[in-house]
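Letters are used for the chains, namely A, B, C, D and E, taken in the order the chains are written, and counting of residues starts over at 1 for each.
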Amino acid sequence: MTEIPVKIPAEPKSAPKAPPKHAPVPSARKDTLLYLDGVSRSFDGFKAINELSFVLMKGEMRAIIGPNGAGKTTMMDIITGKTRPDKGDVFFMGDVDLTKHDEPTIAQMGIGRKFQKPTVFETQTVADNLLLSLKGERRGIPALFYRSNKPDRQRIDEILEVIRLERRRNELAAFLSHGQKQWLEIGMLLAQDPKLLLVDEPVAGMTDAETEETARLLRDIAVDHSVVVVEHDMGFVRDLGVKVTCLHEGHVLSEGSLDHVSADPQVIEVYLGR
Amino acid sequence: MPLLRILALAVTLALGALAAERASADEAQVSAAIQKFATADGFSGVEATIQELGAIGDPLAVRALRALGENELKVTPDGAVVIEGADALLDPVTGETVAEKGPRLERIRIKNSIRSMIDETISALTLRAADPVVRMSAADTIFAAADPEQLEPVQAALAAEQDPDVRRRLEQAVAAIQLASSDDPEIIRASIEVISQRGDQAALGVLLGYRNQATGEMADAADEGIEAIETRLAMWQAGQNIWYGISLGSVLFLAAIGLAITFGVMGVINMAHGEMVMLGAYTTFVVQETIRNSFPWLFDWSLLIALPLAFLVAGFVGLIMERGIIRHLYGRPLETLLATWGVSLILQQAVRTIFGPNNREVGNPSWMSGAFELGEMSITWSRLWIVCFALFVFVALLFAINRSSLGLQMRAVTQNRRMASAMGIRTPWVDALTFALGSGIAGIAGVALSQIDNVSPNLGRGYIIDSFMVVVFGGVGNLWGTLVGGLTLGVANKFLEPYAGAVLGKILILVFIILFIQRRPRGLFALKGRAVE
Amino acid sequence: QETIKVGILHSLSGTMAISETTLKDVMLMLIEEQNKKGGLLGKQLEAVVVDPASDWPLFAEKARELISGNGVDVVFGCWTSVSRKSVLPVFEELNSILFYPVQYEGEESQRNVFYTGAAPNQQAIPAVDYLMNEEGVERWVLAGTDYVYPRTTNKILEAYLQAKGVAPEDIMINYTPFGHADWQTIVSDIKAFGSAGKKTAVVSTINGDANVPFYKELGNQGVAATDIPVVAFSVGEEELAGLDTAPLEGHLAAWNYFQSVEADVNAEFIEAWKTFAGAERVTNDPMEAHYIGFNMWLKAVEAAGTTDADAVIDSLIGVTVPNLSGGYSAMMPNHHITKPVLIGEIMDDGQFSIVYETPGLVPGDAWSDFLPDSKDLISDWRKPMECGNFNVATGKCGGKGS
Amino acid sequence: MLTVENVTLHYGAAQALRGVNLTVEQGKITCLLGRNGVGKTSLIRSIVGQHPPSGGSITFEGTALGKRSSHDRARAGIGLVPQGREIFPLLTVKENLQTGYAGLPSKDRTIPDYVFELFPILKTMLHRRGGDLSGGQQQQLAIGRALVMRPKLIAFDEPTEGIQPSIIKDIGRAIQFLRDEHGLTILLIEQYLDFCRELADHIYIMDRGEIVHSGPAESLDDPEVRRHLTV
Amino acid sequence: MILGRFLAGGLKSPVILISMLVILGIGVLVPVLNLAVPPSSPFHVADHLVPLYGKYLCYGMAALALDLVWGYCGILSLGHGAFFALGGYAMGMHLMREIGTRGVYGDPILPDFMVFLNWKELPWFWYGFDSFLFACLMVMLVPGLLAFIFGWFAFRSRVTGVYLSIITQAMTYALLLAFFRNDMGFGGNNGLTDFKDVLGYDLQSGQVRSALFFLTAFFLALNLLIAAAITGSKYGKILRAVRDAEARTRFLGYRPENIKLFAWVVSAVMAGIAGALYVPQVGIINPGEFAPANSIEMVVWTAVGGRGTLVGPIGGAVLVNAAKSWFTGVLPEYWLFALGGLFILTTLFLPEGVAGLIRKAFGRRAKAPKGKDEETDQPVADATAGE
């Protein structure tokens, strides 16, 4: 596998504006992988993200929880360039301003994403879904001359094994069940081998056993990747054993270890319930 | 037409009054002159006779002249000149019945130049009619003709005139005549003044006519007057353009609105939409034909009768189409293009086979004919009614789709047919009904379009492309989009046309649509939100 | 039993079906009548009908099919210029005969084609003369659909009018697309142009479907023939059948034939037509052209004693047959015919009242005298010249060049 | 109330159900469990009439459903909360709820109060477009929408998917409430074991298109039974 | 080398190989049957049929081009006739210049239509067309460039679905009106016609006809190979991914606009070549070719043949046009019923077109979901990527 160079534009000339209160200091931005500060976004007057600040260090795995409609998915939309924030800073690797880039560029920089509702290429086989996701060349013309090669095939086989779809590798993705599609999406994310994985509700619709499996998988990945996981399954979050951020109405309600967060009365009030 | 009828009535009344007032000494003379039509030799003979009647100067001749202008003055086989009335032959002077209607009446032939001559002669004869409306129109005809020979009679009429409006018109007529005939700079200057105050297209015509031959100072005076009128007219012109735009826009809207349902709401690429419009137009034709043959007095109601029928006919065909073909294609919207294209070929040919390939005559009922003046704008009744009708259809549909429970079900079905069914919505029924509604609406659009376009098997083809443009430009699935889209394209077209010409104007509009879609890839009234991404 | 095949190449579907279907019908009628009279050269005639569907390349394809596939001896067909242009090479290559029945822009003379419709000098120019002389028109609107026939006709008229001393600013030229349906602006422009104190007329070369909305708009906006007469070259009885003509009374058309022509042959023809096609059907000028063309062909074949193209082409020149206005039309060496020119005013019954007729027959001129490049050209297909574009200035065939 | 007998179902050549037998009792909560892709959704599809089974029979309230259309079944009282929510994206929340009116006589055409009590968020979002809601909000809407139909039986296909814990509890309470107060019969498909055990009156476990276990909720604690659910 | 390997990729599928051989075989057979077999023989192909069959093949090529974008890229182009016509015009302009002094006016430079509309000199855009090579270049360049510019803007602005379809229609409609204008210098409504010869050979001669026919078959086979190679490559997979879930591909780092643009331009060039071969065989090119209805017909052929199968649309084009030729001859008054009925029946009973029928006949399992539009029931809102 050859590494494709990703052009990372220089930091904008103008110095960042004075940091708002409670925000991490810019000097610290250097070591962060993901740096969101004062981000807001509203839809027809409805504030989906509200002065959100969020920092992820390199190599860190983070779990995000929060009530339905808290803005978790929207946050991922903003990071991946799907949604533009109304205001606020979004930086990747300390100095890449993500708000200035579109989805393909951001993806090529190394941010991969699994969607909440599984979206796979239904008219392609399972294996081709993975082939298309494999890290590497993304331009069209070279793809004309692409020839299947050993490392690629091996990688696909590996992933198929992980997501337990070997037996269905040559079937169209449309024929998978809901949960299998979830797995395929995870597989596609693995194939991309991004620096940062954004995983939106990976275990929804999985059995408890599978959930455990997934937690193990993510922990493995987190060894040399950064990961953001959104989940409502507290058992799963506990299995991950990482720092947890709870969002509510578009901003951070509580942050810390799972025990800390789940003891927070506000979190109990809006999220966990009694 | 009503105006004409009022005029005719007024003339009769006026003549009656005149006849009572004056001794019938001239009657014999007039009668004798009229009789000469029977032996008149060709067009020049007719012209000479009219001149003679004018020279006699008796309003008694008006009835015959008018009949002549309307091709009702006939010669019987035994050489008598009569007026062919509705069910009898009338005396050309008195208007009394003289004979039963017989065969082989010979028409006294006229042509355009004779028609103008008749108009002018009648005007001269009716300058003193009792009815101010008649006098007014007489004055206007004289104004436009500016025949120096009329100067004296007009001045005489002016002296006797009481009605201030008619007086003004007569003054203008005098001015026009003087402008054409006088050499006195003072008179001319005054005339220009009077005429430019009139300020309409006719006044401009008279001044321009004078300007062509004027020199020196007089020319300057004329120029001034012309300029004054032109500035005034230019303002009206803008208004007129907007009106044309709105009326074109409402035609586009009407043509497209059915498609906004079958395509916009249901997602069926309905290539047979134009044919639904055509069916509506042909229904109008059949209704009118039946009325013409059997119930002529109903003619003015023909469109109102045709509307529901057209809705039913087109709706029914739509229903059959949906049940027979479209319903097998849900989930394969692009293939509906192929099937509906086939349907459109078949419908076209069916109509061609049944009604023949030619244009069919669909008449305008009286309330749809002619135009009225609003300031210097001329607004045709047919267009005005079409605009009103378009708005009415729009409001009704908006209500049906957005407020009624059937509308809700329609939208639910088209967004997720399987789930809608699981909610207990009878999807086949709703589908059929929606498609029938869209087709029916196209049908009633056809009724309106039959009033301004030709009714032929190709009618639909002419509208299908425009309709798709309008729906897409406005934003698929949005009725407001279709309305605003239609009107915008209409108005834009009408403002471009005078500068770019009709062909280039149309090209520019298309380029505009292409560019606009780049700016707003989902049309004017784009649906927003995560659902559509 | 062997038959002589006659090809009929008229669109029965598509945009032109509206005009051309009638011509197919009239051909069928003429052939039927001829067969009743015993056919031709002792054989029956057989009509071969195809549908080129208003699709111009399809005309060429169908022409080829008729001639080499079906083996027809003569073809009656085409309406638009482009369809004729499209089939020209086919007729030349396969050496067959085409009778073309529609008034057209001229500027063409081809050995295999016989033009029985009017050339511009048989329609446009007399009409303009009439308006100028009889109605005193001084200002002209030349309104047409943007294609070759109106363009050429208007070029010719413009040159002609200017030669007659009409100032350029008194001529307004306006082109619209095919099937133009919204005439509001143009009609109001015409009204404005016409209110400049000079008698104004519109010379309309508006084609096909666009006419109905145009006339409806004229009627609605109250443009009366006494104010601004419109003279049209493509509007005949057939087109008026789709209109309420009451508001249009007095507007004009120039043709070589009207249904209202008072002549015994015409009465017979109308009678036969109505029996054949239906009582509500009308007759029009291109139908007469086919009537003339068909009879000319019959006569030429009889004279030649064969249907062989070369022989018939030669014997067609000089053939004279009755036309429907009571006179005779002759085929001239340039493959155009002589015709009377009639001007009619629209009446409220959808018919025309003939207000003017040229004193004699007008011979069709293939090359207009009013276009600089064709002034010097003439056409004569008789031996020894045998040429469609003889240049009298250079004394050679082959156009104006070299 | 609902009996599924020997039902088989094919997608093209692939068989998804192989002779499934299952009974849902009146006024009870019946829970169906199984790994991914074993055919749970397929069974629901055959019950609500979205995909015709290729064999076997389904009886609802004593009448065989046979080839009856999906909407007839809905009108007969089978409600559905589908997997993937299937909200009408361009209808407002209110309109989404109102689609449930289709089978109701006009006097019943109201949204029951308990819908808003269960899911207060819906009340505040009545005029937003369904497609704009977050995943969990849509799930709540989907449940509310099914309730508007006043069904006799509701089939829930993984209703807790993507829902925050507090609302999962609410849903659990709601399901119980519906059973107890309204006598609703419930068929529940779930992956979330604890949730199931708490609610279910009876459970079925499915594997590879077949029912491999049937028993009371407690049987879930049996490791033998659990084995069907592990990878 | 690379190119060879790329093209070899297209031959992987036996269907393509067989189809190519069949097309080339026809390309040889028809001329032979026309020229070498005496007219009396029942195997003789009549003269008038050669250009007719040639025309079908040109239409087949256009349908193939359309299938490349519609079947594999999800772009329902309602304006492919424009590319076809532009290619045709480029070739027509060359043939026009070849006429030389043989026009009716005998003007050595100006075509006839310019002479009688009083043009004084040749407009600049006619320069160079006296050279055959230049014309060939333009045949590809002009449609390619138009497609490039149009696609560049449209794909970048993320215009998709029916919006894209309708603006392609607007494009061809605008061109139709523009080419109708006599002021444009392309012969207005009459277009370009009365061609005499090509490269000095008489266009009317049997040999040239046959050569043209063979060339058409050759290019059709070549284009089929190219299309198969494109769609069979990894690029083809990306293309289909873009077709089904454009937004999703972005999150994988692909740029759908560039991916689509390439196929779009290739397709336009193919259509242009088809147009260029069409013109000398039918002998006329006029603005009618730009008519939206023509483009819609291309879509119809493609659908009848079977979208997304490459070979199918070629068959569809031939089938529909042969049916049309036949019906217009035997049922001149009623052929539209027959043709319309054919379309309806195809959609109802052959949802995958003729190709699907054949595949079924050979017992192969039909590939089920064909594209996004067939999968979703939500034409208005195809939610694709994410929530």
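Following the convention adopted for this analysis, a contact is a pair of C-beta atoms (placed from the backbone, for glycine too) under 8 Å apart; a residue touches a chain by one contact, two chains touch by 3 or more.
What you see is a predicted model, and the numbers here were worked out from it, not measured in a lab.
Ranked by distance of CA centroids from chain A, the top chain is C. Two chain pairs, A-D and C-E, are compared here, and C-E has more C-beta pairs in contact (counted per touch definition above).
Overall, the chain located most centrally, as judged by its C-alpha mean against the mean of all protein C-alpha atoms, is E.
Each chain gets one centre point, the mean of its Cα atoms, and the points for chain A and chain B are 65 Å apart. Centre-to-centre spacing of chain A and chain E amounts to 44 Å, using the average Cα coordinate of each chain. Rounded to whole angstrom, the centroid-to-centroid distance between chain D and chain E, based on C-alpha atoms, equals 51 Å. For chain D, the set of residues touching two or more other chains reads 89-90, 131-132, 134-135. Each of residues 348-349, 415-416, 418, 461, 477, 503, 506, 527, 529-533 in chain B touches at least two other chains. Multi-chain contact residues of chain C (touching two or more other chains): 12-13, 146, 175, 177.
Chain D makes touch with chain B in their complex at residues 48-50, 69-71, 74-75, 80, 82, 86, 88-91, 95, 98-103, 129-132, 145, 149. The residues of chain A lying in touch with chain E in their complex are 73, 77, 80, 82, 102-104, 107-108, 112-113, 115-117, 119-124, 128, 131-133, 138-141, 143-147, 172, 174-175, 188, 192, 200.
In the complex of the two chains, the chain E residues touching chain B come out as 76, 153-154, 157-160, 162-163, 166-167, 169-171, 173-174, 177-178, 180-181, 247, 292-293, 296, 299-300, 303-304, 307, 333-334, 336-337, 339-344, 346-348, 351, 373-381, 383-385, 387.
Those residues of chain D that touch chain A in the complex are listed here as 11, 14, 33-38, 41, 83-84, 121, 128, 132-137, 139-140, 158, 161-170, 191-193, 229-231.
Residues of chain B touching chain D in their complex: 405, 408-409, 411-412, 415-416, 418-428, 477, 527, 529-532.
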